[in-house]
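Have a look at these structures, which come just after this line.
First subunit A sits with subunit B, and in the next complex the same chain sits with subunit C.
Right, the complex of A and B next:
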């Protein structure tokens, strides 16, 4: 009797687990399905203005990347759509046109923006609709006068960003920014000023259109003054600092880490001597 | 549905639900299986060198991850001075390597010691392998993709909070290097495996000791030694 009751209770709990799991799965699928689908040129405009405008213009001349005015006349639609969706793959696969573009634009590869086919079509529709019509480039905001010293403080984090963004040094390094360099998750920015050019870098600092940074700074944009200070700092570093390979500091980190671990094992050795033998061990060793 | 959605949005919820529900079930219906299944009686020396370093290292490191999740701003302020940032990074790495070496000793102990091998279940092997993946990817992240102690607060704190408040943003993780993604994913796999393995002993943290009444412990060994 009792065991039957217990088994029934177990079944109830199992059912509960299954219901909870199913609920979570269904709700998550719902959330995925609820993501907005970009289709119209209106939505293409939204994407263009948030993700593309830092590097591209439509009829405003080249910036970091090419002017997209009349792109549809210059290349196949399929090629354009694929390049919008996975530029990294196309470059890696050695697509001739992609390689030529890369060489022409200072070897700055366009990042993969994680756009879907529908989103890419929307952006393409928007670019086509704007071609020849007018200019959709980023309105160059007149940046205030930048201060190199303040730029350095912002970069290292001694001075916090107004909108609470994380300091650049978390992932980037510039020359010998401090004893063991800056972060190495993102690229070395010592000569970023030269790579992007002043206009390109200024507009990149405005939108920070790089995949990893998009999520981080979406709700914490840099203020115009901060952009100007960083721009001044990068201009200074480009002229004054020399790039130090990240590997050099990686070795330093390994050495410190291994030394620390060794010290901890030494401490353990002291405690090992103070460990009490168990009775069975004492018996075995004396027999 | 993309891999990113599946692995960093749906799977974390599945793993959490499984971990909570099965752990509760297990502690109610199989209370005596909630244990670390100590094998100290079978082998003591390698256990000391492996277990102590692994456990102290991993507990401190996990607590630091938790602190970064709870006080991201505080950690950023601490890291705003380079010397403090380096100190934290070096200490974290040292603890990570200490812990990893300890884990390797524990794996070696499982393989080399016949008595320990006899009591080893396949789930023990799975847990050890998952922990190895976790610690190796963690140490590699700390050395290669610096400075995790700062960027964690900008990437993983918001990501984990987005999961907690049920507004998941898995896309925050998508652009990261694969080894960091593996490290994060492996955490959720460990969470999933948690209730089915010896990992459940984590919930047996003897907090009762802190508030229990005092006891008098009398050692007789010294007295007996003197009498001999």
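Right, the complex of A and C next:
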């Protein structure tokens, strides 16, 4: 008798827990569903200041990319949203306006920032709200005097970045910066100074807004002095160096690689002759 | 005088029949494990032959043992400085080919093969890779000089034998071989202990057994290279070195080691020897010819009151001293000077001793008949009578057992022959004549000694062959705070710690 009562009580508890759980799940679905599709301008501000501000201003004049003041009046909302989300595809598809913009801005295509529809809407909302106010632009940090030689050292990694960032040479190359050139993952930076202009480049070095670089340098930003040094270096390279296509290094690499392998095999051959043979095998093979 | 006790084994080679029972007993007890398949802590070699591993005595190749330098002995494998520099480069190791690729046969093929025109066969497979192999060699591939002549011809001990005699050894009517059972020699001056960079090998204080502490072993394998007898083996599975432990768990419970206990020919004797540890460095650092004498010199007389007092001062108890007094090892090694160390010129001062074998006289071919080379004036038939006509050259035995000193071998063989002649006269012909007495005198033996040698050689009881000292393990248990009665009848006391690879 006693055990039956106990079992019943357990069942009641179980049912209660189940109902509570179900209720919690349902309410969470409702909350998610009821969330407004339109993000607040607060989120838009965050995104703009972290990802757009290196190249764009709102009422601050053109930088690397166009001034976005009053953009909503100049273009259609759908076009703007799509360009924020996938500029690369629009250019590739040959959108006339996009192509014109590309030509106007030194053929520097806006990178795909991997923003969602909601995020793009938030950014757009922020830009619209700020249009006319003329506040949102990168506050130009007064950079100290740059040193070309130090910039070169930083670029090739002879000198480490203060915040442990990866040396530029891992992904980029500049002229004949090292025997086999630099990395070829990122673009050749020999004439980046010319392409971005001094203000644009300085602003880019500050935030490094490119999608690939963002993850790498988020926790390792460049210090003002380093930015200035690199800027000086890029200015020098733009004037002095010439771009060298990556495949020109391939032949050198093969020659040295094969020569090294041959040398190693030669050393091995010397020791191969002198290797120890087991007595047992020697006895059997010589008799 | 620093008196210590050592438990020693004697091999009476004249009695060995080469049945390998010792090897099998040892294998079943200790090395029937993964990674130990190729190891034979006890093996029996046919001599002349190359042994196991192949030509283990060839120290130009294996770099084992000690060499004499201006300021004392030095390991042949490397000096101290070189040892550190070459810590990660240790090439003087035997190849698996030099041991052998351990094999078994795929017996299930005999039952599972599909029906066919031929009888199914069990093909040989490697015990390491478990893949089919061609068996090329084994630990006793040249057993009884079978198979091929290359092994006998390449015995390193034939180096000092005149070329003419070497050629004769290959002739069918002059063929001769003897057996050489080998275990770890538990040396007084062990080069494996000296070479170990991890200090994992040690010589036990109470009885001199050389052991590997597998918890300290770090697989440098310097011991494998440094041991001139190649009796330290590397277990490829556990990553630790292993060697003969002289069956110490059996010794501690009063039994002879498995190899000795199972010996069919009853060739093995065991007993305690007392020695002077302070004189080891000097005794190991003399000319090759004097090594045997020097080693005999440091073995002490257990009846000498001075030795007994010094032994007691060193903590050797009465039971061990009494055991040393009854020891067959003492009688054969020191009293009768019949037992000799194996290859003493490696200077590790081995504590296992061998009584060299006698061999029949050579035969000659006369009128197309094979005839024993006996002189005309010999009236009584004694095949073993003349040393100079013995089939096993004395130079050969000298290379094995006396560092090249032929005189020592002649002396031993003369004694053994004298005992034979004397006892033959006495027990077969019933009368001791002048010939027998002359033989004894020439061998520097008395009639009583001859009688004693005969008795211990031919009709010893188990207790006379194995005079094992009392280890008093019950006392050690008590010292550990355990109840000895709770462990009565158990073999071995301690904690089983399974060693981990790389630790």
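The criterion applied here is as follows: the second predicted complex is superposed on the first by the 211 of 287 C-alpha atoms of A that agree within 3 Å, B and C clash if a C-alpha of one lies under 4 Å from a C-alpha of the other, contacts with A are read in each partner's own complex, and residues count from 1 in each chain.
Note that in this section a contact is a pair of C-beta atoms (placed from the backbone, for glycine too) under 8 Å apart; a residue touches a chain by one contact, two chains touch by 3 or more.
Since the model is a prediction, treat every value here as computed from it, not as a measurement.
In the superposition on chain A, contact of A:158 is made with subunit B only, not with subunit C. In the superposition on chain A, contact is made by A:166 with subunit B only, not with subunit C.
Judged by the touch definition given at the top, the superposed model places A:142 against neither subunit B nor subunit C.
In the overlay built on the shared chain, the residue A:257 is in contact with subunit B alone; subunit C does not reach it.
Contacts of A:278 after superposition on the shared chain: both subunit B and subunit C are touched.
Of the two partner chains, neither subunit B nor subunit C is touched by A:12.
In the superposed model, A:21 lies in contact with subunit B only, and not with subunit C.
Between subunit B and subunit C, it is B that contacts the larger number of residues in subunit A. Judged by the touch definition given at the top, the superposed model places A:103 against neither subunit B nor subunit C. After overlaying the two complexes on the shared chain, residue contacts for A:270 are found with neither subunit B nor subunit C.
In the superposition on chain A, the residues of subunit A contacting both subunit B and subunit C are 278, 280-281. Against subunit A, the residues of subunit B that register as touching in their complex are 1, 5, 9-10, 13-14, 17-18, 21-22, 25, 29, 41, 44, 48-49, 52-53, 57, 73, 76-77, 79-83, 85-86, 89-91, 93-98, 101, 139, 142-148, 150-151, 153-155, 158, 168-169, 171-172, 174-177. Across the complex, subunit C is touched by residues 276, 278-281, 283-284, 287 of subunit A.
Note for the complex: subunit C touches subunit A at residues 50, 53-55, 58, 61, 91, 94-95, 97-98, 100, 136-137, 148, 150-151, 154. Contact residues on subunit A toward subunit B in their complex (touch as defined above): 10, 13, 16-17, 20-21, 24-25, 28-29, 31-32, 112, 114, 156-158, 160, 164-167, 169-171, 178-180, 182-185, 211-212, 214-216, 249-250, 253-254, 256-261, 263-265, 268, 271-272, 275, 278, 280-281.
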